[in-house]
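Letters A, B, C and D name the chains as they come in the text, with residue numbers starting at 1 for each one.
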Amino acid sequence: MNFDIGIWIAAFLTLGIMSFLYKDNPWYKISEAIFIGLSAGYWFVSLFWQNLVSKLWDNLWPALDALFTRGEFTGGLLYLIAGILGLMMLMRLVPQIGWISRWPLALVVGATAGLQFINYLVSNGVIQVYNTITPLFGPVSEAGGIAPVTDVWHGLGNALILVGTFTGLVYFFFSKEHKGFFGGAARVGTWFLMITFGASFGYTVMSRMSLLIGRLDFLVNTWITGIFT
Amino acid sequence: MIRIAVTTLLIIAVTCALASAQEDTIQVVTDTLSDSALAVIQPEVPSPAGKVLVNDTPNDNGGSVQINWTASADDTDGRIERYEIERKEVNASDDTYKVIGDATAGQTRITDNYAENGVEYVYRVVAVSLAQAGDGEMLEVKSYSESSAIVKASAQWFNTNRTVVLIFALVIGSLIVNYISQARKGKDLFIRKIAGLEAVDEAVGRATEMGKKIYYVPGTQDMENIQTIAGVTILGRVARLAAQYETDLDVPVSRSLVMVTAREIVKEAYMNVGRPDAFHEDTVHYLTDDQFGYAAAIDGMVVREKPATIFYMGAFYAESLILAETGNSIGAIQIAGTAMPAQLPFFVAACDYTLIGEELFAASAYLSKEPKLLGSLKGQDISKGLILAVIAIGVIIQTLGVYDFASLFRIAAD
Amino acid sequence: MGFWDKMLAIDRRWIFLFVGLSLLIPMSLGIETKLSISPETAGLFDVYENLPPGSKVLMSFDYDPPSAPELQPMADAAVKYAFMHDLKLIIMGLWPQGPLQAEISIQRALDSPELKDKEVEYGVDYVNLGFQAGNEFVIQRMGSDFREAFAMDIRGNRYEDIPILKNVKNFSNIDFAFNFSAGYPGTVEWVQVAVDRYDVVLGAGNTAVQAPLAYPYLGAGQLVGLLGGMRGGAEFEVATGFSAKATVFMLSQTFAHAIVILFIIVGNVAYAITGRGKSKLEADR
Amino acid sequence: MRREIPLIITAVVGIAFVIQYFIPHSPFDRFEQLFSDWFFIIAACAIWLGALNLLKLSIIKVQRQKKDWQYSVIVIVSWLTMAIAGFAGGRGFQTPGTAFDWLYVNIYTPLSATMFAILAFFVASASYRAFRARNVQATLLLVAGFLVMMGRVLFDDIFFAPLGWDFQPLSEISSFIMNYPNLAGQRAIMIGIALGTVSTALRIMLGIERSYLGGGD
């Protein structure tokens, strides 16, 4: 028998989490508590080394060094502002001046708003509009005329995309009652949304099964097999 | 003897080649020769690359030059090994060509990203082919193209590739701003019912009746995600209801910045309804930054405390179904909202109400009923109408094949 | 309460039990199955296959151990194929644990019998640049200069000292980018920044959940191909000719699917016969 | 003032980040990177607040001997173990062979992988409940899900390949659904999200949506 304490601990915790499927129990509670504490510690440490040290310190220190030893102003000094913003955030701990933490927060929210304004407009807006504007009946011939439908399924598919995108967007109208023709279109839109949800769901079932296969593979082929070899 | 003969042959071959090429310099790299002296070599000199065109890379911050050339006539059947691209500063004391990059055979384009702004450069392209020596050793044979025209790298102030985005931003932005200001002036705006949001009151009320908690999960992403901002904004409205109904609210979060923000929001909600005393800071509490650690913790809390109502509003990943199924199993009323398309099916399947995509962003306006917020929804709708019209017209034109309408919306890569 | 009523109100733990068994039993049989290749996989492999030797391939490992069952098989096949066909690999990760997963793939490839006689040298044939925090901004930064995002590789060598990276300034020096993605940051960000802004040729391996999101990009040509989930991994294994775990596990998958489908059918029959059964969906839309 | 200054910061920063997209010229080209670094630095400071909150609540639970207080002891001990191992490891805290790495591989990884894996069970129970042919919408959801599920596994190879078909009906149908109707729905959702995001971002930048700042003075 090949005893590896790590594998035994891993197996103990794997089964502990799985036991939750039956019902809540002390084994799960132990695994859960370890998980919360350990993972919170993991991110705490990771953020310290990967952000505070490698982003703040590593940029700021050479810049300060250059400033005080050679009197040079370098771009790294901008990180001083970041450091100050970080400290302002920590001022939360002092109730009297906790309000100052709104400044870094305002910066984060403002930048997020600006960046995502653009990113979503481009990738989810303009590019999707561009992609939807395609000829309905197969490819346009070089002469500029309409080519015959070369592939029935492709033509049908293009029409479906158009109808689906159109009616789907109609569903999202907020300022108009879903009645009459408009209501009919919105209804068709929900059909498309449902197909989308069903398809993504069906597609996902497989994904989730493979994750479980990974864990079972560990239990069967690493842990149990390990006991007998 | 043989050595002398080989060398002589080689020299003759090179001389002939040099003589035959009038404009191009040809050079045989002979440094491997000393090791392979027994070789019998017939260096096949490749024809050089054709015209080399250079231009400053457009729409960038400078420092970059694009080089295009016509392939060497010998660039077929693998006869050209690669191209080397050389650069020379025009006004420098050191006016020799230096290799700045290489390209595989068949490639006719490269970008020099090490150019300095404002400095004048010329480029040339070297076609390199391999000749085999008798003992299998490979020699490189090079032929040089003519020099390019002089080029300077520079930075631009506007990215013309992105004009279409600017137009979209301006049109949509001004529509929204316009309707906000109209709404401020008191124009009446109709907003249809959104089932998931109509149910918020009822869901909070149910928790009150049952004397149980309300959980509010603002997603697993940080404040640099706009869905999180939307999520905590909706929390403000829910917290206000909870405060009015005097129902316990619990907001477990997985990011510290979200914790800070959510606390401010909940605190304000309690103050606004005149119950600042009922606010406890630890209503909003941090668990762990870890996606699944967070899910494990909430699952445990849910089965132990059995909240009557659970809200999921924000950005979610795979934890969506872990949370929603566990909440479902204890019979809680669940209202979810996310703009993560991949997670929507799970919320739809396991929650009572789901806000789909855009509805999440509409929620805070809808719940607050503030005219200026509702005005922005109207602006969104008009933008949507415009987009639909553009698509409809575009598809007709594209199908008729009279004009490449779609190209107007193409954002060229930089 | 009749049989069908009971089925409608079945304790979900029965479903759990059946799913577990349907996965475990075929797994222990270890039968390898035949399978065909979808156009999405073929599209990617086609481009990958036609890269001339010496091409520089950027691989971004954007996942962590929980998603490894789905993504590791395709990563393994891709790395091994690259080594066998002399593609130069530049590895990185937008997830902290990604580059560690890459090391697993590299080790497996180097240990494989096919690569016994091949000399694959670190720094010359491949390099692992490690993890960099910053999500899509790392990609953005790489758009101007790789070195700004990765001053050192995972082993602490300086960027400029690594032979394979000589002449690699940014995306314009990359022939093909391969992204293994389990969420954010991942394929969507690679498309939005690397493809849309810097014209990178991108192929992606996604978890099955992420894959539907990537379909619009596939249709628009922003992605040359897509490997979806374990099935995509198995197809890629077949395409590259290295059958491994994904191919074997496909049978377990099929059984589990059959069970889920069976349950859905039973549920619907029960619903039709009893004519009731509240679902959460009704309330909504 | 405590409220005005943050609003001004938000507006100025937000607009700056919108226009930087259109301006390749420095210094605008560096805005995004710089913000990304700053954000991570601020978040790394903020996590101290979160961690202290977690520890505080756990300690209170232990002190007051609340129900299940024993598990809070485990939370505290696990947190400390990981933190100490991480800090002791220095910059190379994640290098294979360190204590931190051992904890990561043998405890953290199986826990998170298993938590993820139990989704397989949940996805089965959720589909059992949700996939019922109750009305048009639910039926479409069911049919689409059903067909895609069938197409993504080996059913073609098991049922149709033995008939000598080189055509894979289930895979083809599944691909068709994914490529056309699914894409249409995704696009509608995506364009809607684009508008929702743009509008929300605009409200934030204009200071109309300001609840994230909280109230008070």
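Annotations
Heads up, the rule we're going with is that contacts are C-beta pairs under 8 Å (C-beta built on N, C-alpha and C of every residue); 3 or more make two chains touch, one makes a residue touch a chain.
It should be emphasised that the depicted structure is a prediction, and the values quoted were computed from it without experimental measurement.
The chain closest to the protein's centre is A, with centres computed as averages of CA atoms. Inter-chain spacing, taken between the CA centroids of subunit A and subunit C, is 15 Å. With centres defined as mean CA coordinates, subunit B is found 13 Å away from subunit A. One finds 4 Å separating the Cα centroids of subunit A and subunit D. Residue positions of subunit A touching 2 or more other chains, listed in rising order: 17, 20-21, 29, 31-32, 35-36, 38-40, 42-43, 46-47, 50-51, 54-55, 89, 92, 102, 105, 108-109, 111-113, 116-118, 120-123, 125, 127-132, 162, 165-166, 169, 172, 190, 193-194, 196-201, 203-206, 208-209, 211-212, 214-215. Within subunit B, the positions touching two or more other chains are listed as 61, 165, 169, 172, 224, 226, 229, 257, 260-261, 264, 287-290, 292-293, 296, 304, 318, 328, 341-342, 344, 346, 348-350, 356-359, 362, 377, 380, 384, 387, 411, 414.
Each of the following residues of subunit D touches two or more other chains: 18, 21, 29, 32, 35, 37, 39-40, 42-43, 46-51, 54, 68, 109, 111-113, 115-125, 127, 129-131, 137-138, 141-142, 146, 149, 152-153, 178-179, 182-183, 186-187, 189-193, 195, 197-198, 200-202, 204, 212-214, 216. If you sketch which chains touch which, every chain touches every other chain without exception. Within the complex formed with subunit B, the subunit D residues making contact are 18, 21-26, 29, 39, 42-43, 46-51, 53-54, 57, 68, 111-112, 115-116, 118-119, 122-123, 125-127, 129-130, 186, 189-193, 195-204, 206, 208-209, 211-216.
The part of subunit D that touches subunit C in the complex is made up of residues 29, 32-33, 35-37, 40, 94, 96, 109, 112-113, 115-117, 120-121, 123-125, 127-135, 137-138, 141-142, 146, 149-150, 152-158, 161, 168, 171, 175, 178-179, 182-183, 186-187, 190. In the complex of the two chains, the subunit B residues touching subunit A come out as 164-165, 168-169, 172, 189-192, 194, 223-226, 229, 257, 260-261, 264, 287-290, 292-293, 296-297, 299-300, 303-304, 341-342, 344-346, 348-349, 356-359, 362, 366, 377-378, 380-381, 384-385, 387-388, 390-392, 394-395, 398-402, 405-406, 409-411. Across the interface of their complex, subunit C is touched by residues 21-22, 46, 50-51, 54-55, 119, 122-123, 127-128, 130-131, 190, 194, 196, 199-200, 203-217, 220 of subunit A. Residues 2-3, 5-7, 9-18, 20-21, 32, 34-35, 37-52, 54, 68, 71-72, 74-83, 85-87, 91, 93, 100, 102-124, 127, 130-131, 136-138, 140-149, 152-153, 176-195, 197-198, 200-202, 204-205, 212-214, 216-217 of subunit D are the ones that touch subunit A when the two sit in their complex.
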